[in-house]
Each structure stands twice: as structure tokens, then as C-alpha cells.
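Report on the following structure.
In order of appearance the chains are A, B, C, D, E and F, and numbering begins at 1 in each one.
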Amino acid sequence: MPYVNIKVTREGVTAEQKARLIQGATELLRDVLGKNPATTVVVIDEVDTDNWGIGGETVTVRRGRGQ
Amino acid sequence: MPYVNIKVTREGVTAEQKARLIQGATELLRDVLGKNPATTVVVIDEVDTDNWGIGGETVTVRRGRGQ
Amino acid sequence: MPYVNIKVTREGVTAEQKARLIQGATELLRDVLGKNPATTVVVIDEVDTDNWGIGGETVTVRRGRGQ
Amino acid sequence: MPYVNIKVTREGVTAEQKARLIQGATELLRDVLGKNPATTVVVIDEVDTDNWGIGGETVTVRRGRGQ
Amino acid sequence: MPYVNIKVTREGVTAEQKARLIQGATELLRDVLGKNPATTVVVIDEVDTDNWGIGGETVTVRRGRGQ
Amino acid sequence: MPYVNIKVTREGVTAEQKARLIQGATELLRDVLGKNPATTVVVIDEVDTDNWGIGGETVTVRRGRGQ
């Protein structure tokens, strides 16, 4: 019954990588807390680099500096 | 003043269905808790089936099996 | 498979009212989008009035004025 | 280390405005709570007007009436 | 820079289990997407069983039936 | 109509500081995007240090090392 939300920047995450994130998060909840995978929900949000900030500036600006 | 967030898979939800979800959630908060509809906010997130997981796999994979 | 999050101020919501919110939100998703109630998740967050703001001030302050 | 999520309707928010929101929210957490800007995360969600409801109706409908 | 939110029912999760969830989610993002653990944030929300619904009823009611 | 959610660790945030966060976030949305303060909602979540992770470990552990 757990609900997991993963937010990452939208920078070419593949369908195969998303599938691995969903499988891995579901197994983590099963292994640590014994939660039933059948009712574990995982939602991945991809966020544009203009819309994600850290250190007071957008990721777009940071990527432009090579960070 | 309540805030309601509804997350569903992005599978052709129409504008009319969204309007019904917003009206229904607002009425639910009014009927159960007496909340003022004028300040009740409802936000609907549509999530790609690649980005939604249940049972450790993506909805895309489940839909491919006819589930 | 939908996920619904309802946020309200913590002002004496009863277990019976919470049960009605959960039942009502689940039925809304079934009626409007045909979603399966068995996998519809509803999470209610109760937020202290000091921690909820509208109009630039806390609900605590508004309640103190009788609003 | 704080996390700030800002949700607004998707109505032409520019990259420059997003940068100002991120900078402003980061400074607010530093000024009020002394939080380190280097680890303050801000995520902006833009929501279609069909998907945002207030007063029991979508913002699309309200905008159509000039509100 | 990823942000992970894990919601589970409040049913005696220990500090050691929380630490394992945080470590595991951080490693998952590093392994699948190459994300830097130093800036990966994980937030765990524990939700009262009265406030969590599935199948249209609260977890409290389900637990009372032995589910 | 914007919705702002601020998550910080639960480490003695005062009611006065919460009021300043709410006022500041509301003014930010007004100044940058011209949003109406009357319908701007701000919700502050305080998260236990056991439940907040960064760098793969809990804030409790980091605070224990003086970080």
C-alpha cells in the first residue's frame, strides 16, 4: 500500500530506466518493511531543468556552466 | 481552503471528465466537512503510463498484457 | 490505481468523517473515470493551523479574527 | 536542505520568472530559518488550466468568463 | 538532486528501518540514473491508519478485519 | 490561486517564523507572477529528522556528527 514519488530532472530518462526505478523502489519497501508489492504505487515526475532549482538558480543555468 | 490532488494515468481523460472530478471533489469537502467551495483547490496530475508503477512494473507493461 | 491526496486543517476531523472522505473520493474516481476502487489510494493530511496560510497569513490568525 | 514546491497554472510563465521564483524562495528560507541555499531545492509545477479547479470549476471555465 | 517521497502507514516503523529506506532509495537513484547521493533528498511520511484509504475504506477498518 | 508547499526539518520552527514564510511566499508569487494573495495557499510540513535523508543518511545522524 505504500506510495513512492520520485522527482528527477527531465534529461532523457529512458523507459527501461523508469522500469528499474519502479522495480527497485517496490523491492526496497518489501525488503525493509515487508510491504506487499502488489499494492505498492510508484510515480515518477520528470521536471524541466528550467523548473528545478538548487542553490538559488535553475538547473538549466547550472548545466550551462557544465555542472 | 482544502487542497485536493488527484493523480491518474494519462489515458485520454477529457476536459469534461476533469470538470466532473473538480466539481465532485469540491462537493465532497463541502458535504463532509462543511468546507467553503470558493476556496477549495483541486489539482489533477496526469502521469504517463511509463512513469506509473504498481506491483513493481509500469502500467505500460501491464496494459500490454491487457490488464 | 489513482492516488488522491486531501489536505485540510487539523481542526477536529473525526474518524467517521475521514472514512466518508475516503469512500467519496474512491466513488468519484469510479463514477467519472471507471477506476477500480480496489486499487484507489486516498491519503488525508491534517495540517496545523499555524502551518496553513491563505491571503498571506496563517489560519490561526484568521480564526482569531473569527474567520 | 528544505524542499519547496510551487504549483501555478500553465499560462506563459517565462524562464526568467521561474529563475526569480527559485531565487526568491531560496532567499526566503535563508532569511527566515537560516537554511543553506546550496542544498535548498525548489520545484515548479505548471498545471494546465483544465486540470486546476477552484470554486468547483476549472480555471479554463473561469478564464472564459474573464476571471 | 533527485527528491524522493515515501508514504507509508504509521505502524511502528523504526529509526533503523527509516535509515535503510533512505540509504536504499539514494543508492537506487545513483545506480539507475547516476545521480549524486550528496544532493539526493528522501522524505518519509508516516500516515495514521485512519487517514489512509484503499478500496474505499480506511486501513484502520481493514486491520480490524485482520487484513 | 497558486499552491506552495514548504518542507523543512522539525527543529523548533516558531509560529512567528511560519507566519513570515507564509507572508514571504505569498508576496513572491504576487511580485513575480502577479498572483492574487487572497487565493494563494501555503502549506508548511515539518518533518522529523529521522524521516529526512540527504546524502544517503538521516538528518538525525548528520546532526549527531555536528553537521
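Quick note on the criterion: a contact is a pair of C-beta atoms (placed from the backbone, for glycine too) under 8 Å apart; a residue touches a chain by one contact, two chains touch by 3 or more.
Everything numeric in this text was worked out from a predicted model, so none of it was measured.
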Next item on the list: Average the CA atoms of each chain to get its centre, and name the chain whose centre is farthest from that of chain A.
Entry: C
Notebook entry, point to check: Comparing D-E against B-D, which pair counts more contacting C-beta pairs?
Noted result: B-D
Margin query: So which of B-C, E-F or A-C matches D-F, with over half of the contact pairs the same residue numbers?
Written below: B-C
Note to self: As a multiple of 5 degrees, what angle does the CA superposition of chain B onto its copy chain F give?
What the structure shows: 180
Next item on the list: Please compute the C-alpha centroid of chain A, do the same for chain D, then give the distance between them in whole Å.
Entry: 20
Item checked: Sites on chain F at which at least two other chains make contact -> 1, 3, 7, 21, 25, 39, 41, 43, 52, 54
Item checked: Chains that touch, pairwise -> A-B, A-C, A-D, A-E, B-C, B-D, B-F, C-E, C-F, D-E, D-F, E-F
Margin query: Quick check on the complex: what are the chain D residues that touch chain E?
Written below: 1, 3, 39, 41, 43
Notebook entry, point to check: Any idea which chain B residues touch chain C in the complex?
Noted result: 1-9, 13, 17, 20-21, 24-25, 28-29, 31-33, 35, 39, 52, 54, 59
Checklist line | Parts of chain A lying in touch with chain D, wherever the complex brings them together | finding: 7, 47, 50-58, 60-61
Check: Taking the complex as given, what residues does chain A use to touch chain B?
Finding: 15, 18-19, 21-23, 25-27, 37-46
